[in-house]
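Listed next: structures, encoded as structure tokens.
Two complexes are shown next, each including chain A; its partner changes from chain B in the first to chain C in the second.
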Partner chain A sequence: MSVKLLILDDEKDFVESLAERLSLRDFKVKTAFNGEDALKIMEENEFDVIILDVQMPGMDGIEALKRIKETNQLAHVLMLTGHATVQTAIDGMKQGAYDYLMKPIETKELINKLMEAYSLVEEQKERIRKAEIDNIMKNKGW
Partner chain B sequence: MTIDKNKLEFVGKLTASVSHEIKNVFASIKELSGLMEDLIEFSDESSFSHKDKIISANEKINKQVQRGNEIVKNFNSFAHMFNDNKTDVNLNNLLDVIVNISKRFASNKNIQLELKSTSEDFKFETEPLTLMQIVFHSMNLFIEKLNANEKITITLDKIEENYRICIHSSYILDNSEEEFIANTNGNIHVTDPNISIKYLDNNRVEIDLNKN
Partner chain C sequence: MQFQKLRDFISNKFFVIPEASSSPERYKALRRNITILMLFVTIIPLALMATINYYQYKNSLQSEVINPLRILTNKTKLSFELFLEERISTLKFITSAYSYEELNDENIINDILIVLKKEFDGFIDIGLIDDKGIQISYAGPYSLEEKDYSNQPWFHKVILDGDHISNVFLGYRKFPHVAIAVQSYSDDSCCWMLRATIDTKKYNELIAAMQLEPLSDAFLVNNEGILQTRSRLFGNELEPCPIEIPVGGGETNIIEATDNEGNEIFIAYSHFVDTDYTLVVVKPSSLILKTWFTFRTEIFFIFVGSVLIIMIIVFKLTDIQVNRIRQAEEKHELAFRELEHSQKLSSIGRLAAGVAHEINNPLAIINQKAGLLQDILTSGSGSSNSERLLKVTQSIVQSVDRCSVITHRLLGFARRMDVEYEELDINEVINDVFGFLDQLALHRNIKIERKLDDSLPKISSDRGQLQQVFLNILSNAYAAVDEGGSVCVESYPKGEENICIAIKDDGKGMSKEEMSRIFEPFFTTKIGYGTGLGLPITYGIVNKLGGKISVDSEEGIGSTFTICLPLKSKSIKIENNE
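Now for the complex of A and B:
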């Protein structure tokens, strides 16, 4: 099953080329160039991992992270940062982001982190499925 | 000449912002070049003429991105030290930044700058910009006088509770200590009483950073 991924960054060329590269590797990728559009896309799609730039005009990375966490999706968030904004990424991790990556990205490192995040999301989904089954069985007295 | 604190912070803030933007440019170039690499790799072998030349040009683009990225990283760290307030300075980082930024001045004269860094993080409370100026001024003294193929070594050591930065040249200069100190005091306004500078044996500057 392919990883469902959302890339949110205002750098259009960067987002489009990264999206294409990850699609070539069988990731199912959607893109957004600002926080508002990302939230709209999230209303209609479920994601496993979200790549989020910490510094964007309008809704910044931390605000976008908060709003993403409010959507009840299980997706893990990877924050993208420059040398000057590592502290913001650390703040983001304190608020629930899974990890961060420095720009320019090393492809191998990105894919490793995406797969790590994906397997954690899958484990969590499995635990939820198991809990739901246990709950149904309990309610039916089985 | 002293620069107004607010102006210094203003320049630092703008410089940091510009270097952040440049980093975004490099990130985009790197992804576009990565995409070209992928398209070649994932394509039918016969569909590309000049495939090797394209791959080789792409590798060169990547190398330049890496180079540019290192320069911007140092420049960004440098911009964040644009204040003359006392702060807890990571001495390893400070030396790394100032030595890397100064390499161009040295390489123009075919002089090698070598920083012998330590794995341990040494921190000292001082004005980062002033300390950078002292290190630069000391390196520059040697850079200006040395002949090609000479070497300047920069070391950082912990001596009991204090630290010592040593700038050591492979060539003996003819300046006296009085000349060096007078020149330093004329160029840099060292207000931190915990910093003392010595010029020894006409080939070594020791900057002592005393905690008390």
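Now for the complex of A and C:
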């Protein structure tokens, strides 16, 4: 089962090459270059992990994070910052982001964190499935 | 215009201290100028006052002392004149009361002389002289009958003026006397005259009546400058008087002169109206102005004393003032330099952070692209070309890594990190850091000396950041020393509110120029492998923790970094370097 991933960053080159690299590693990657696009894409797709740049023109990372959390997605958010303000990351994490990464990112570290986030999402999904099964079992009535 | 120029000159000379000149000279000039100015404004008025006082007092004293002298002289002159007038009147009375024939009678003239001697002082003899100048009748101690006076100048003067008082002369008698003669006033005969001689004893009495001080002198002198009475200073009667008395002026005049011995004297003189006598009173000025001299001495000593006191005070005051100015200026300069330094560091830091931030994004792209290339190459078929390309991409990634280390540290330098305060033992922190570096020290055979004061109180600070500080400085120290060198760490209390940690190495040290720049970002002597950010970060952290870091270094001898930290954290607001 491959990880479904959305990368949201205004740096097109960066996003594209990162997407390609992660695709090579069997991630299912979709990209968006601004918050609105990302939200649109999220309406149609379900993701496990969302990589989100903190600093973007227009809707900034924190704002996008809030909007993402308002949708029904289970996806965990990894904050990406080219800007070493721990404070921004802390703010993001308070808003429900899973973790943060500093640019330029080590591919290994990124993948580790992606996998961590993914496993948590999977666990969550697993629990949800279990709960649903339990619910079905309770209600089946025999 | 002139005034303006003068003002400019003065202000330029005294108040504008050349800024460019080096400090000691500048303060010397300042001290000199203030001193001169202060002395000027204090001593000049004092001197002025003293001088004015001096002259005023001198004038008033002179008039006070000299006026009595003038009055005395005048009075004495009048006494003389009265005395002579009296004698002439007497003779005139006789010529009126007695006829020529009566006076020619020896008995009568002798009687007259007896009465004269009894009633009037000084008469010695009396004689009747006919129109041919022959003394035809005489009463007195000498036998002077038939004496011919017709050749004498006074005889003709009497004929012209009616009366005459002679100068003092010795005559036939060999003692000083004065002859007075009056022409007859009887109707019948016109040209006979009465002549009497007077002893000059009376003159001396009159002069004695002046009651002069022992050093003073008074005498009569005639128009030819011949003494008429005995002078204490200038000799006996009929000797020439060595001092010249100005002719003319009926009033009593006073002049200043010097006598033969060079003493200053006052000469009061008064010419007689009818006779050619002049009364002269001589007083040494020292006598007259004795009080004046005392006053002068007093004023001199007071003046000198005041000037000395003023000078002492002025010098002391100037010293205090200049030192105060100097201290203030030095303090100001120091504060200014510190401010400048920290501002420079902070603005450099801000710039660096900005640059780092801007570079970070393209760096991320390069990194990703290179990574992608690597991925593609690894997954593709391994041709010889792709292996070379793989190497190239690896070196790109390595370079990017190096860049990212720099940008991260730069951002760390500018980053506003929250300080987490906790109670900690500084020695423990230092020991921890030594733990990180033990291997390195062992490897390079560096001697570590720890002089940690165990009694140091705990401080409230951030452990992680302090570790970074010591790590930075100790790594620098290790890098600075040669193999087998030594590094000494000492902790000690400073005052009641600070503790200090000195890290001393015996490495290669720094020049002054280097020392002044080591806290600037990107300044590094480790060309090739230093980022030049270690010490700026350290500086920032120590500042943030409310402490101070200073460095002392000498080339070839070694460097000492001293970090002083407050016991209690003061929350210091650090500029937000985003």
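The rule is simple: the second predicted complex is superposed on the first by the 138 of 142 C-alpha atoms of A that agree within 3 Å, B and C clash if a C-alpha of one lies under 4 Å from a C-alpha of the other, contacts with A are read in each partner's own complex, and residues count from 1 in each chain.
Keep this in mind: contacts are C-beta pairs under 8 Å (C-beta built on N, C-alpha and C of every residue); 3 or more make two chains touch, one makes a residue touch a chain.
Bear in mind the structure is a predicted one, so any value in this text is a computation, not a measurement.
Engineer: Looking at the overlay, does A:F14 come into contact with chain B only (first), chain C only (second), both, or neither?
Structural biologist: both
Engineer: For A:L24, using the defined touch cut-off, is the partner it touches chain B, chain C, both, or neither? Pick first, second, both or neither.
Structural biologist: both
Engineer: I'd like to know which partner A:K69 touches here: chain B for first, chain C for second, both or neither.
Structural biologist: A:K69 sits against neither chain B nor chain C.
Engineer: After the superposition on A, what does A:P104 contact: first (chain B), second (chain C), both or neither?
Structural biologist: After superposition on chain A, A:P104 lies in contact with both partners, chain B and chain C.
Engineer: Please report the chain A residues shared by its interface with chain B and its interface with chain C.
Structural biologist: 11, 13-14, 17-18, 20-21, 24, 82-85, 103-105, 107
Engineer: In the complex of these two chains, what residues of chain A are touching chain C?
Structural biologist: 11, 13-14, 17-18, 20-21, 24-25, 82-87, 102-105, 107
Engineer: Quick one: in the complex, what on chain B touches chain A?
Structural biologist: Interface residues on chain B, with respect to chain A: 16, 19-20, 23-24, 26-32, 34-35, 38-39, 42, 65, 69, 72-73, 76-77, 80.
Engineer: Touching residues of chain A toward chain B in the complex: what are they?
Structural biologist: Listed in rising order, the residues of chain A that touch chain B are 11, 13-14, 17-18, 20-21, 24, 55, 82-85, 103-105, 107.
Engineer: Give the list of chain C residues in touch with chain A in this complex.
Structural biologist: My answer: residues 357, 360-361, 363-369, 371-372, 375-376, 379, 400, 403-404, 408, 411-412, 415-418, 578.
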